[in-house]
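What follows are several structures.
Presented sequentially are two complexes of chain A, the first with chain B as partner and the second with chain C.
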Partner chain A sequence: MVQREAIDADMTDKPFANGQATAATNLGADGGSRRLTDEEFERYSRQMIVPGMGKEGQLRLINSRVLIIGAGGLGCPAAQYIAGAGIGIIGIVDGDVVEASNLHRQVGHSTSRIGVKKVNSLITHLEDLNPLPTYVPYPFQLTPQNAADIISQYDLVMDCTDNPITRYLISDICVLLRKPLVSAAAVQKSGQLTVLNCPPTPQGRVDGKYAPCYRCCFRKPPPPSSMVSCGEAGIMGPVVGMMGVAQAGEAIKILASALHIPSPTTDSTPERNLQQPTLLIYTYDLDSAVGPYSFRALKMGGRKRNCFACGENSTLTLEGIKAGVPDYVQFCSVPTSKVDLPPEERITAAAYHTAKQSGELPEHILIDTREKEHFSFGSIEGAVNTPFSKLLMKAAAIKRDGSPASEILPADAKDSDAPIFVVCRTGLDSQETVEKLKELGLDNGGERRIVDIMGGMKAWKEEVDPTFPYI
Partner chain B sequence: MSNATESAAIPIVVDFSGGLEMLFDDQRRHSVSLPAVDAGGKPANIAFLIQYLCKNLMKDPRVDLFVLDDHLRPGILVLINDADWELEGEEAYKIQPHDNILFVSTLHGG
Partner chain C sequence: MTPKPPQGHFNVLYFATAGSYTSKNVEALPAPLPLKKLFSTLEERYEGIRASVLDHSLVTINLTYVDVDDAEEVVIQEGDEVAIIPPVSSG
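Up next is the complex of A and B:
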């Protein structure tokens, strides 16, 4: 029953154009009426006796197909509850492999499976939790080319991804294929959750109140410069876990109560399906206990008349997406001004190290602009920590108040004329810092060298010290 | 009379979430006394509030993480008393005493 073979990326044959998938679709709102097996009866008893669930609700779950895109911090907890609840067919899409730094939050993986494809690792875990569902692995990334073929096999999609490019792609396909979408995201100490496209309505229909798609709520992505990933900004396990579990909760509710079944083509308004679109936000403060604003439920608008994907004049099509229209990568990477330092103002991490070792390097000031949490794990000998945001604030204050530019330098280097070297985490902030210091006149009209260490502490670990505790 | 109008202030609560608090002294919640009218004498609306926050409340000089081309940067939602500002008239919404205005940066991690 359990399908372990990876589905080919090109998806030439449809693995579920068969009895089971068709049955799921035909059962629709009434959930069918077969007997539960003894094993199902035993396993699902505690959720079936909840008012509103019953045997009908359980059979609808068993006859449903859910696609989980992303097997990370959201996807792991989401998949656990989806599998536990007995959803019949569970597809999981992810191209990554398990790393040790995933494990504090990606609780469907394990230490013994580091290096294994996340999809296979998670399915191993889920099969142990509940062997009854059919698990379908897609151990590769979702792309504009394969997305429609995969998503078309399912009744509901869970967006557990970590980047806007895939989020817009998933939403667009869900609009065109009329699939409900449960979407969540989390970074650092905040999480967000929203149910989209539920119940799904044909693209272009704007003659009434309809559920929004992702683009209706989030018309444009933030500029890349303002975006932080979990890898860069960090993430607390329970924050992303909470959002993943909430996603499973919404998906189970939708499927058990058939909220996703589009209304019959008659004009009767399916009132119960048209809930107020809501964005749930979870805020987690490390320095205070749970409070009145930890969870907020925000009212969102419905489908937008002028929405690019679902609005009245939308030109979005499945064929177009497959052929590269729209260009999701470009849509999500509006160009930002980049610093372009001349070569004499840059040095590689290896060259800096060699020059320092051989004594060729004059006495100098070394500023490390990483956040203090990063700095606390280790730094280059002699480095002084001035986090980038603090540095920018100081620079602004100096310009505003007309105070001496040297105020921005570390306390014991204010009177020095020594060259300044700047290092950061990956080599971008340090270039901006060099630019900023020159702007303040600290280069003494070109007399004093201000140099960027290329590639930051990441390059330091790669080129100089492989044991460096880089995060 | 006109002096009294000019000096009148509207008490509101402004919240930041999704990382935007970083630009405002790492404080999620601010009590703000917003001038009741803008420089041109028009009643304070959301557009005016955004300008006011940039000038008076933002500690971080990276204004472009909040405002781009005189408008809120893409990827920030505004909630007026917990409802999307699109339901309330967006930038033109006239601010009322004790309103709660929440700015949320949309998240993408997972």
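Up next is the complex of A and C:
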């Protein structure tokens, strides 16, 4: 299964002599002449007869090496089509193990493989689908230290990861090693897909139109507080599946038409094959006026002159990355406004429960700021749901048009002076809520207690009620 | 389909976290509006949205990327479709 020796190092940097490569007329590096085996002929016949593909396109796929980073909601569907299409060498990177909560979307795993490393689980599935490719498992996380060594073994990279740190790392390495990058992402009900760095162009060249890198599109990551993961925000299976499949489609197109071969530094027509850089947005709404679903293809800019990674004067190097420059973790954890509540404005979930049980706790308002879907599975007795996003919006409206601050409180508590307790999912939004309510003057100059229940419903489950249906 | 904005307005579409922050997918705002005033206009409506969402997002007008930092002359016109597209990382 693991046959890295089989990787044909000869293919990496072979430029085309002819600037205008197309699937129909120009063979990929090597191999246009070989006969297909009977098994290949049979297996790939339906895609080979598609106009523009042919035997040449198929041989390019067979001679290609694709690295799929992430074996989750994007990586599973992407890998199925990459393997099915007959890509010769398929590397898969992921350090996680299969969990039951993955299976609604991660279609390359199975119930019987819960607890197995995702990489091994997915390869088991792919070998059954198509035994012809060579599958290379990397059952660990991509890091600044190992990224270049792994990525350098491949012709094209698919970013199927789930966090900004790895996304910036992958893009930077792809710029430096001149690898095309097919990048997708999805959360809740929307997905994004974009082809970056294709055709690959040397770092620092800005004298024409070149394809952008990830940093050209998204210069800086959002603050971690606003980052939502599929684990926290949820994800609809078909949304992420659609993006993974589309990702495989783009990768196959690039490889079959040999767009991945880097243009040589001296190429007199460097804009060869530059397509309009596009960001595809897929929105799938469960309940909105925008409609049942929508695709938008947004025209993106090209390489940015001042891009940190690919622009002129970029100081990014492979050696630097390996040695820890830039610091990706630091870059993606820009400090946000930190709430620092005094101890008297906080209470543990256990202490709240005890005080309530013993009757020590006076009558109070309990606001639960989780989204209504989370709230719908269960809540502390007496809690009223005001989702954090709604709360912020109401606070802004109150400031804008000077309506009474009590408008932000639940309808039947507007006239109350009772203490307010706030609980959320993990204990961050509730602190911000306390801060916000004080800012609006609802603490009556310090006379009314506004208290954060520490650690949110997560802590409630851990400290008070282990059967609580926490998601 | 997205409803057409009323006369004298443009539509702004909120994707991903922009949608969660505003609790909307789309809304109509008064046009014309200079692009450089877009973020402050939204901040007025949704306090905190600038730091949490907008500063990191892509902006398009009529499906084409615009550079908000370099937008002296760009004015959003009546009937335009503006989109706020935050990066999505999950997968």
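What we mean here is this: the second predicted complex is superposed on the first by the 413 of 471 C-alpha atoms of A that agree within 3 Å, B and C clash if a C-alpha of one lies under 4 Å from a C-alpha of the other, contacts with A are read in each partner's own complex, and residues count from 1 in each chain.
Keep in mind that, in the parts below, a contact is a pair of C-beta atoms (placed from the backbone, for glycine too) under 8 Å apart; a residue touches a chain by one contact, two chains touch by 3 or more.
If you're wondering where the values come from, they're calculated on a predicted model, not measured in any experiment.
Once the two complexes are laid over each other on the shared chain, residue contacts for A:442 go to neither chain B nor chain C.
Of the two partner chains, neither chain B nor chain C is touched by A:339.
By the document's definition of touching, neither partner reaches A:129: not chain B, not chain C. Contacts of A:293 after superposition: chain B is touched, whereas chain C is not reached.
Contacts of A:177 after superposition on the shared chain: neither chain B nor chain C is touched. In the superposed model, A:192 makes contact with both chain B and chain C. On chain A, the surface touched by chain B in one complex and the surface touched by chain C in the other have residues 70, 72-75, 159-164, 167, 184-188, 190-192, 217-223, 225-230, 233, 235, 240, 243, 279, 281, 283, 285, 296-301, 389, 392-393, 395-396 in common. On the side of chain A, the complex with chain C involves touching residues 70, 72-75, 159-164, 167, 184-188, 190-192, 217-223, 225-230, 233, 235, 240, 243-244, 279, 281, 283, 285, 288-291, 294, 296-301, 336-337, 387, 389-390, 392-393, 395-396, 399-400.
Across the complex, chain A meets chain B through its residues 70, 72-75, 159-164, 167, 184-188, 190-192, 217-223, 225-230, 233, 235, 240, 243, 279, 281, 283, 285, 293, 296-301, 389, 392-393, 395-396. If you check the complex, the residues on chain B that touch chain A are 15, 17-19, 22, 28-29, 59-62, 64-65, 68, 73-77, 79, 82-84, 86-87, 102, 104-110. Remark: chain C residues 1-3, 13, 15-17, 19-23, 25-26, 44-48, 51-53, 55-56, 58, 60, 63-65, 67, 83, 85-91 touch chain A in the complex.
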